[in-house]
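By written order: A, B, C and D. Residues from 1 in each chain.
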Amino acid sequence: MNKTLEQILESSRTYTSEGRVADYIPELAKANREEIGIFVATAEGDYYAGDWDKPFTIQSIVKPIFLMLTAIDNGIDFVKAHVGVEATGKPFNAIDYAEPLLLKEHINPMVNIGAIAVCGLVKAASNEERFQRLLHFTKKITGNPQLEIDREVYESEKKTGNKNRALAYLLKNSGMIYGSVEELLDVYFAMCSVKVTCKDLANMGYLLANRGVDRSGERIIPREDTIFLNAVLTTSGMYDGSGEFATTVGIPAKSGVGGGIMADCPGRMGIGIYSPGLDKKGNSVAGVKMLERLSRELQLSIF
Amino acid sequence: MNKTLEQILESSRTYTSEGRVADYIPELAKANREEIGIFVATAEGDYYAGDWDKPFTIQSIVKPIFLMLTAIDNGIDFVKAHVGVEATGKPFNAIDYAEPLLLKEHINPMVNIGAIAVCGLVKAASNEERFQRLLHFTKKITGNPQLEIDREVYESEKKTGNKNRALAYLLKNSGMIYGSVEELLDVYFAMCSVKVTCKDLANMGYLLANRGVDRSGERIIPREDTIFLNAVLTTSGMYDGSGEFATTVGIPAKSGVGGGIMADCPGRMGIGIYSPGLDKKGNSVAGVKMLERLSRELQLSIF
Amino acid sequence: MNKTLEQILESSRTYTSEGRVADYIPELAKANREEIGIFVATAEGDYYAGDWDKPFTIQSIVKPIFLMLTAIDNGIDFVKAHVGVEATGKPFNAIDYAEPLLLKEHINPMVNIGAIAVCGLVKAASNEERFQRLLHFTKKITGNPQLEIDREVYESEKKTGNKNRALAYLLKNSGMIYGSVEELLDVYFAMCSVKVTCKDLANMGYLLANRGVDRSGERIIPREDTIFLNAVLTTSGMYDGSGEFATTVGIPAKSGVGGGIMADCPGRMGIGIYSPGLDKKGNSVAGVKMLERLSRELQLSIF
Amino acid sequence: MNKTLEQILESSRTYTSEGRVADYIPELAKANREEIGIFVATAEGDYYAGDWDKPFTIQSIVKPIFLMLTAIDNGIDFVKAHVGVEATGKPFNAIDYAEPLLLKEHINPMVNIGAIAVCGLVKAASNEERFQRLLHFTKKITGNPQLEIDREVYESEKKTGNKNRALAYLLKNSGMIYGSVEELLDVYFAMCSVKVTCKDLANMGYLLANRGVDRSGERIIPREDTIFLNAVLTTSGMYDGSGEFATTVGIPAKSGVGGGIMADCPGRMGIGIYSPGLDKKGNSVAGVKMLERLSRELQLSIF
């Protein structure tokens, strides 16, 4: 299996030169486009190749984490009463908003505006507590108690994140955020800046693939929640490349502009991917290629 | 199993009074909202309940049929070069089109404009031949050599289908339709008017579930095409209710405004559903309810 | 005055090399980009410079003609009950249409979809009669009984005009066209293909400037209709460059992709312009420049 | 003339019961829907009727004031390089924004997003100074040194103005606001809360009508700026009712949700209107009616 991963990684390495490293903040632009890693977590053991232990910021892969903890706190039905699950057919940070108020139907938790709303549903007495609970939960599901945030990325996101700020004020305007907008954005920016490795993402994927039970055998989230999450990841986890990804890869997955992809094959394995060169839709070019080949090789498509 | 189907059908019967029968043409408005049927086709045998043998027009469920025959004729890659697979986030017959030309990315084969384009890719020397090939193929995959079109529905669609006509001329304007627009629309309208039963749809679903091999053991379409189709059905088969349907049912499916739903559980079964009362998104209310319960009862979700 | 026109024309001649000749049909692409003409019609007499007598197709400048004859036939209130007058903020041939039916508010008579609808409101027992009435009326208001259509442009528009065809079928779908769509499009395409000169357009402008009374002293349209038309021309006569044109020129005007502009200064003069190089919004580059200079020179702005 | 105004006001009084008082903040909802006033300022003298001396908040009528002072500070060309002048065809607070950055073309100074941007172009060392300069300028052009802001409306706008906050952060994200967003919004909200009367608005309109020279004979703004402003007011001063208003009234004007309308008839008069019941587009119902009748009575249409 390690050999398979090696082969897939090497044959996909050429794609690292395609795509562009995210550069909307200077810290992300520093990423080394030649890095490429993969990690597979199964009940039988771990397999890996390349730069699987290089840290990068989690970015949008934190979105399913918001959803998981919110669902634990409030139940899936509460969550579904607040955000929709239809694909928007729009880029991840688009706004199309002529109505006096935003409609739940337009707030997909896998795009920024929905993720900010969902983040605000995590139960906490303060936003500091909200952040601590989220960080603790992320450590738990990645099996990595050392996780920490990248201060420079966080500061930079906070300073330049005016589009997310705009989205948050739209939510506030529609009564979908309670309390301070700036404080909630702080939690959001901080959580997007958590540094992870392929291994961390693979463990997170394992939890979903293993129906909510982690590698130590502890149940973290209800079985039904993993079904909900896998459905949402499949229909909208890869931005507006989700349809194409479903046909060529067919694995529930979430990508981030840091170059990571978290994927899970129900009943089989969790996968963590890293390669920072992105396609136009914001997904890792070499990462998607590796998943496509792994899916074909091991017949992983759920379809 | 028949008992299970009976129970599910009876407990869903109350939903027949919700929803509205399609009425954009008088012939569809004549449908009896109280009718409700289900049919399950497995390798071991057939199971059914209610009005499974009542005929209704196939409508949009013909869209995956266009896609199958087009893929057989031209290969999946050719098809993907002509139409996109991203969810549009729009109603099935929306137009949003300020560009001089339509973009492939905006033409999903599960919405009308994409389906008309795909219909035109079926190989034929004439549109009459195109229709005959499509009808013959539909008879084959439903296992029903008696299929015929509902002349009244066909005439009515043809007479009043000016929005589809507009969509077709947009395609023509963008060089995505070759030959006569009116003749191609004729094929489209005629194929939407084919009368089917739950059994016919279940057999069609069986073919997809059984990876392209029909109940007689004959391979009709390549294995890869069924993976492609199931992915497309999952992300956009239920109009802009596809995301919600994925989370609550989790089965690749296609609905039509005639009240039918064709669904397939890979490796397990094909399902045909009928109940003409529709929700706002155009899906059968009681039909979706039956699938939701069947999915939970038999753990059919692919997620 | 002729000297003023000469100077303005010569100083604007350099702009003829900017812009692009319309090329969506081959016949239009044949236009000579170096041609430039201007004609001013006043109560005191005619003034002109350059290629004022070179014929070109009227194209969108026929839109106010549709509106005039429709208003004569039905009254302004009837017309306003059928089409809106708000600027759409969209290119002239955009479609944005997720509603089951088009709304009157979205159908501005100065963009294609609205013009087709308005053309259909001209009273006639047949579309042949509709065309004859429109042609006769155009001859009358231009004072040119020799007007005829350019057969090649007409045939070409008819053959390739599939986007207009799409727009017309949307109107049909919404009950905004009565009778045959194809026949009505025929009238539309034929009228867009009428060959005019700057002089013809200036006479037409004179009629509007002179409050509905033509140069022979005959009242052709009611005074109120000229007020209505001048308002519509000002807010939406220059496609989505109307706002800019209002600030820099400030004269009610209508442009066409043939390179013509018809303008009228209430109480003062009618103006005809020709130069076929267009800017991105579809307006004659050198033509707009000439009007800008003429407006400044003679203080023609209504603002 | 006072008699004419009385008659027009009385015959329009019935329309005060149509329309709805703005209620997005409680302070505005307190307005008395039965109030109705008109004031006309001419070189020969003042004319008025009804509640012409009742104060109300200026709201969006401050938008042309931002534009005037910005143009004085930077010149019209600088302003035009920053904001567009095309009608958006959208409600005053719509957002449609899938691009990474806002485009100048989409930022009309008569809708909120454009007005906030223009407000930020007023020259000042601090936002406090910006506010003081704007207030001083407003006192000058209304001829009313007593103007002050309504503290309750201001506090309420500031507290609940999250949609405007969102718009401002979009501008910030696109580099169209320099400095603090919150401080600039403070200026914006404060200026929208200035209390004015019909007389104040009529004096402001007089300035525009009189080509930039106020009633004391002092030149306040260049002649060219009044032409620019009248063009912008005509094409987009009445929200997305501007086209209709142009055809029925034909006078450059700006309305606010406080119920006011400022209008100017070039070379003739300035008009101030007040009646707080609004139509769906945000314009005073009885106010528009009075202007329509006054325009017809005195032949004020510029078209």
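Assume a residue touches a chain if its C-beta (ideal position, glycine included) is under 8 Å from a C-beta of that chain, and two chains touch if they have at least 3 such contacts.
Just so we're clear, the structure is a prediction, and the values are computed from it rather than from any experiment.
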Worksheet item: Quick one: which chains contact subunit A and subunit B both?
Response: none
Fill in: Distance from subunit D to subunit A - Cα centre to Cα centre, in angstrom
46
Worksheet, complete the sentence: subunit B to subunit D, mean C-alpha position gap in Å, rounds to 54
Item to complete: For subunit D, jot down the residues that touch at least 2 other chains.
Response: 90
Practice prompt. Report the complete set of touching chain pairs.
Written response: A-B, A-D, B-C, C-D
Practice prompt. Sort out for me which residues of subunit B touch subunit A in the complex.
Written response: 80, 84-90, 108, 226-228, 230-232, 234-236, 240-244, 246-247, 250, 252, 266, 301-303
Worksheet, complete the sentence: subunit A contacts subunit D in the complex at 90-91, 94-98, 162-163, 165-170, 172-173, 181
